[in-house]
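The letters A, B and C name the chains in turn, as written, and every chain counts its residues from 1.
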Amino acid sequence: MTTVPLTTFQKRSPLRVVVWAVPLALLLVVLPWAVDPYQTILVAYGLVMAIAVLGFNLLLGYTGLLSFGHSAYFGVGAYAVAFMVKYFHVESMELFLVGAVVASTLVTVLFGYACVRYTRIFFSILTLALSQVLWSLAYKFYGVTGGSDGLRVPTPKLLGIVNPVGEDKIRFLTHGYYYYVLVVFTLCVAVMWLVVHSPFGMALQSIRDNETRAQFIGLRIRAYRLVAFLVSGVFTGIAGALWVPLNGLTTPDILYWPFSGEIVFMAVLGGFRNFTGPIVGAVVFNWLKTYAVGATVYWQALLGFVLVVLVMVLPTGIVGSIKLLWARARGRAFR
Amino acid sequence: MDILVVHLFNALLYASVLFLIAGGLSLIYGVMRIVNLAHGNLFALGAFATAWAIGQLFAGSDSAWLFLLLPTGAILAALLGAVLEPTLLRPFYRRPEEYQLLVTFGLLMILEDLIRFVFGAYPRSASVLFEKAGSLHVGEYVYPRYNLMVIAIGGLAALFLWAFIYRTKFGVVLRATSQDMRRASALGVNVNLVYVQAFTIGCFMAGLAGSIIVPGQSAVLGMGVDALVLSFIVVVIGGLGSLEGALVGALIVGIIREIGISVFPEIELAVLYLIAAGVLFVRPAGLFGRAA
Amino acid sequence: MPTRREFLAQLGVTTAAVGGAAAGIGVSGIAQAQEKPKGTIPDKPFRIGHMTFFTGAGAVLGEPMYKGNLLAAEEINAQGGLLGKRKIEILKADEAAGTDANTKEMRRLRLSEKVDMFMGITSSGNTPALGPIAEELKLLTIFIDGCTDFLFDKAVPNPRYIFRSTNIQSADGSTCALGVAMTWPEIKTYAHIHPDYAYGRNCYDHFTVVTKKMLPKAKSVSEAWPKLFSTDFTPHITKTLAAKPDLLVTSLWGGDYVAFYKQALQHGLFGKMKVATTLGLGSVPQAIGKDHPEGVLSGVHANYHFTYPAGNRWPLNKNFVEKYKAKFDEYPNFQAEGAYTATHVLKTAVEKANRLTGGWPDDDAIIGQLEGMMYAGPGGYVYIRPDNHQGYKDAITGFSKNVPEYPFPILDPNRIITIPIRNVTAPPGWPKGEPTSTYTWIDQTWPQMKA
């Protein structure tokens, strides 16, 4: 695997981040008042998916493992929420998140233990096969999972505050829930930032770049990969839990392997060699798919075409390409 | 006792088709180290093209002529493969393999809609051949002759491929390239040519699978995606890159599916994935594969 | 304790020789002289978001649904539009994008495109997802299919903005079972082949509970659950043959059913047992060939087959079929009829509301007119029950027969079976139950026949 070291983030000073991060944060905060409700809800979806792809990219960008089965953890998070509603009549969003973390930890450890023994194509295929097992179980045990009908999840309580029945759900989504998602998203970004900048994150990258050398300096490859897998899966599980109240329903769709493909698409779209790439990719893909579905019956071909062009022409993704252009522009300015 | 023979035929029927698809996938991987996620859609394309040729374009013709039209889908798939490899795949050989997966995933999506665009939204069939072949008696049961023909074609294809790969000069070149591409190139092999030939053969196999199965079944949108997952299971069990593995894997999948449906009807969906996962846990390279 | 024949008569299960629709119920909505609408009507177009399967294996049902909507819209627009002023515009959306994308798309249609109304949906996985979303968006909606009982049983038990025009899913299995009980009461064993998803399970459940009541001696000897949209049914056919049942009941539909019957023919299955289907002839009438055996109890989703009501006895159907055939060069299926009727139901509701209030009626007024409406459509009278907003019309099923007029089999006009749906589904006031309200209602209230 060719190595493109992530030098940019290492050299970046905090000041440079502030330049674009602060206006963006401000925009996100005032969004419900700045744009119409539909766009706000769409951004909420985008932020949720961003958490999932951020988690996914810990494996791809930083550890060098392409998982084609991340729909499994997303689904585990979503179904954990649905089961908590169905069997324990839980209503609190906080408990949902806890439940999703617990469930996705269990599943990730189980799957990860098997998967991290392998790399490259075998890793990808194994992750796909395991996610399909979960899909078929969710589809099959309709008594428990509702099968293809799915399971309903009513409006949750945020921080214990009940949303009175009959109140405008749209307003709930664009105001209350949107901010809740924004906060969780910010926390997740912060945690992931710490993870990839920690010695652990560095070790992952060295394993990615040269496995043999990493082994020689004493890193236990499998253990590191397993922990990365775990963190990755839990992030995606949290995203699944946040996603469910937006739709009010979870179905086996989200466990089916093309959804894993979409997650990969999002990471590549944003640029999987960068920290912020997955976030940008998730938000943009979300918007792109919604636009495509609304525009034409052949939305699948449209997305496929975008993917092919992307991979051919802009392999570093949106963020990567912007960085390249920016670096080139600055280079010229100094000549 | 007769029923067991019927069950065996069913399993062989399924295995024949799966072998052709998975064998193509495995061949492509073995030579080129590419997992073509769009492979299933070449199967679908083969099915639709043949169904269109037999069921629509030349509908009502003499059945002997219609039989000759069977390979239409296979030829079309092969042509498409010959076009796609140099244009879409070659730029990615030097790139990390993630990109190959992604470009073939994009291709999958494009082909899905392309099939719908060209052949329409309704299922297509070419059942006239299935009906013309009639049925024969297996004890007290009646069995369609056409299914036996498919099994025969599958068997012949396996034999032909084996001979091709192990008994011809081209096969030697193919194997050499798959074992060590650089050395083969250094010895004067035109690797680009070998690659496009291998890819074309792989696509031909997938298209052939679609073509021969469609008279007995039908061409339905989405069949490509389903086929891909199944062929994945086969190569996981048999080993990616190995034709013997594809054959054995296809037989195992066919038999287990048949048993599953007969004895444990509820489990039909899950059992194949479980088996694949199980094999991957224990022997990740598959029964005949090499852990490349 | 009634005998089986008495009970069937009580339920209203009749074999009609040629389109004997129940007579004498007060009907609104039959073509009346065009009155001028009251008050001022804006001439802004009336936008309908129509979501159904345009791609994927479900397109075999989705395309006709859209076509029915389109045909009705064109008829209405030819007279100037709704209330003569507002032309109908249809925005298409592909249901195959998946439940998540569909939810976003419905929101987009309402919040961004500002559609006035939503129609469509084929898959039963999507109505329970989209129903609550439509309610929260306050979007007037008529679902054409997505017939699962789950929608009004659990997902939206007290609907306000959403309606459904075609018959509820539980009717399929029940209708099939009643047809079997009426025609072949002597069977002792039966086998199942159902697609492995909610619809297949629903048919299995309801067929089983009704057969338990009507034919207590009959029992199931084999089950097979092929994946939806499979194309190879050989193992399932073999399994069924090995069990040697008297009857096979199957809810395979669309391309699945076509592949199935062709394979079954070559295995000699039809000669060895009776066959009853819930949706055999209903999804794509012209896809079934004349090689299809006659005398198969062929369901049409308990909804509609274009040959019934037949000919001049029910002009609404004759006109509809002719226009549909002329425009699309195919025959309408139940989805097409459902969408066509739903569009006209909307038009009628709008007109009636306008006569009461004047001007363009708001959604509440339209809803008020939809609830309790009895409308005469091509398929017969459809009644929209006010409590659950579900459409009820006579369920029909029949026996496949080849006739010279058509290049494909139709329902034998001399042996059509009709059943008033209201008699075989859970009535208002019945508590919601598992797996469906209708199931518990049948299980708990129907008498058990003796052998």
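Please note the rule applied: contacts are C-beta pairs under 8 Å (C-beta built on N, C-alpha and C of every residue); 3 or more make two chains touch, one makes a residue touch a chain.
As the structure is a computational prediction, the values presented were derived from the model and not from experiment.
Visitor: What chains do subunit A and subunit B have as common neighbours?
Guide: Touches both subunit A and subunit B: C.
Visitor: Is the C-beta contact count larger for B-C or for A-C?
Guide: By number of C-beta pairs in contact, B-C is the larger.
Visitor: List the centre-to-centre spacing of subunit A and subunit B in whole Å, with centres computed as mean CA coordinates.
Guide: Centre-to-centre distance between subunit A and subunit B: 34 Å.
Visitor: Counting only Cα atoms for the centres, state how far subunit B is from subunit C in Å.
Guide: Chain centroid spacing, subunit B to subunit C, equals 38 Å.
Visitor: Could you state the distance in Å from the CA-based centre of subunit A to that of subunit C?
Guide: 40
Visitor: Of all residues in subunit A, which are in touch with two or more distinct other chains?
Guide: In subunit A, the residues touching two or more other chains are 139-140, 298, 300.
Visitor: Would you please write down the residue numbers of subunit B that are in contact with two or more other chains?
Guide: Only 112-113, 116, 266, 269 qualify.
Visitor: Residues of subunit C that contact two or more other chains, please.
Guide: 54-55, 196
Visitor: In the complex formed with subunit C, which residues of subunit A make contact?
Guide: The touching residues are 36-38, 41-42, 45, 139-140, 142, 147-150, 152, 168-170, 246-249, 251, 253-254, 259, 289-290, 293-294, 297-300.
Visitor: Would you pull the subunit C residues touching subunit A in the complex into a rising list?
Guide: Against subunit A, subunit C makes touches at 54-55, 92-94, 97-101, 103-105, 107-113, 124-125, 128-129, 132-133, 136-137, 148, 150, 154-155, 196-198, 201.
Visitor: Touching subunit C in the complex: which residues of subunit B?
Guide: Within the complex, subunit B contacts subunit C at residues 3, 6-7, 10, 13-14, 112-113, 116, 121-123, 125, 127, 130-131, 134-135, 141-144, 146-147, 213, 216-218, 220-223, 226, 257-258, 261-262, 265-266, 268-269.
Visitor: Given the complex with subunit B, which residues does subunit A contribute to the contact?
Guide: 1-2, 60, 66, 68, 114, 117-118, 120-122, 124-126, 128-130, 132-133, 136-137, 139-140, 257-258, 261, 264-265, 268, 298, 300-301, 303-308, 311-312, 315
Visitor: With touch defined as at the start, can you tell me which subunit C residues reach subunit B in the complex?
Guide: Going by the criterion above, the answer is residues 53-57, 59-60, 62-63, 196, 223-227, 229, 231-232, 234-236, 238-239, 241-242, 254-255, 258-259, 262-263, 265-268, 284, 287, 289, 291.
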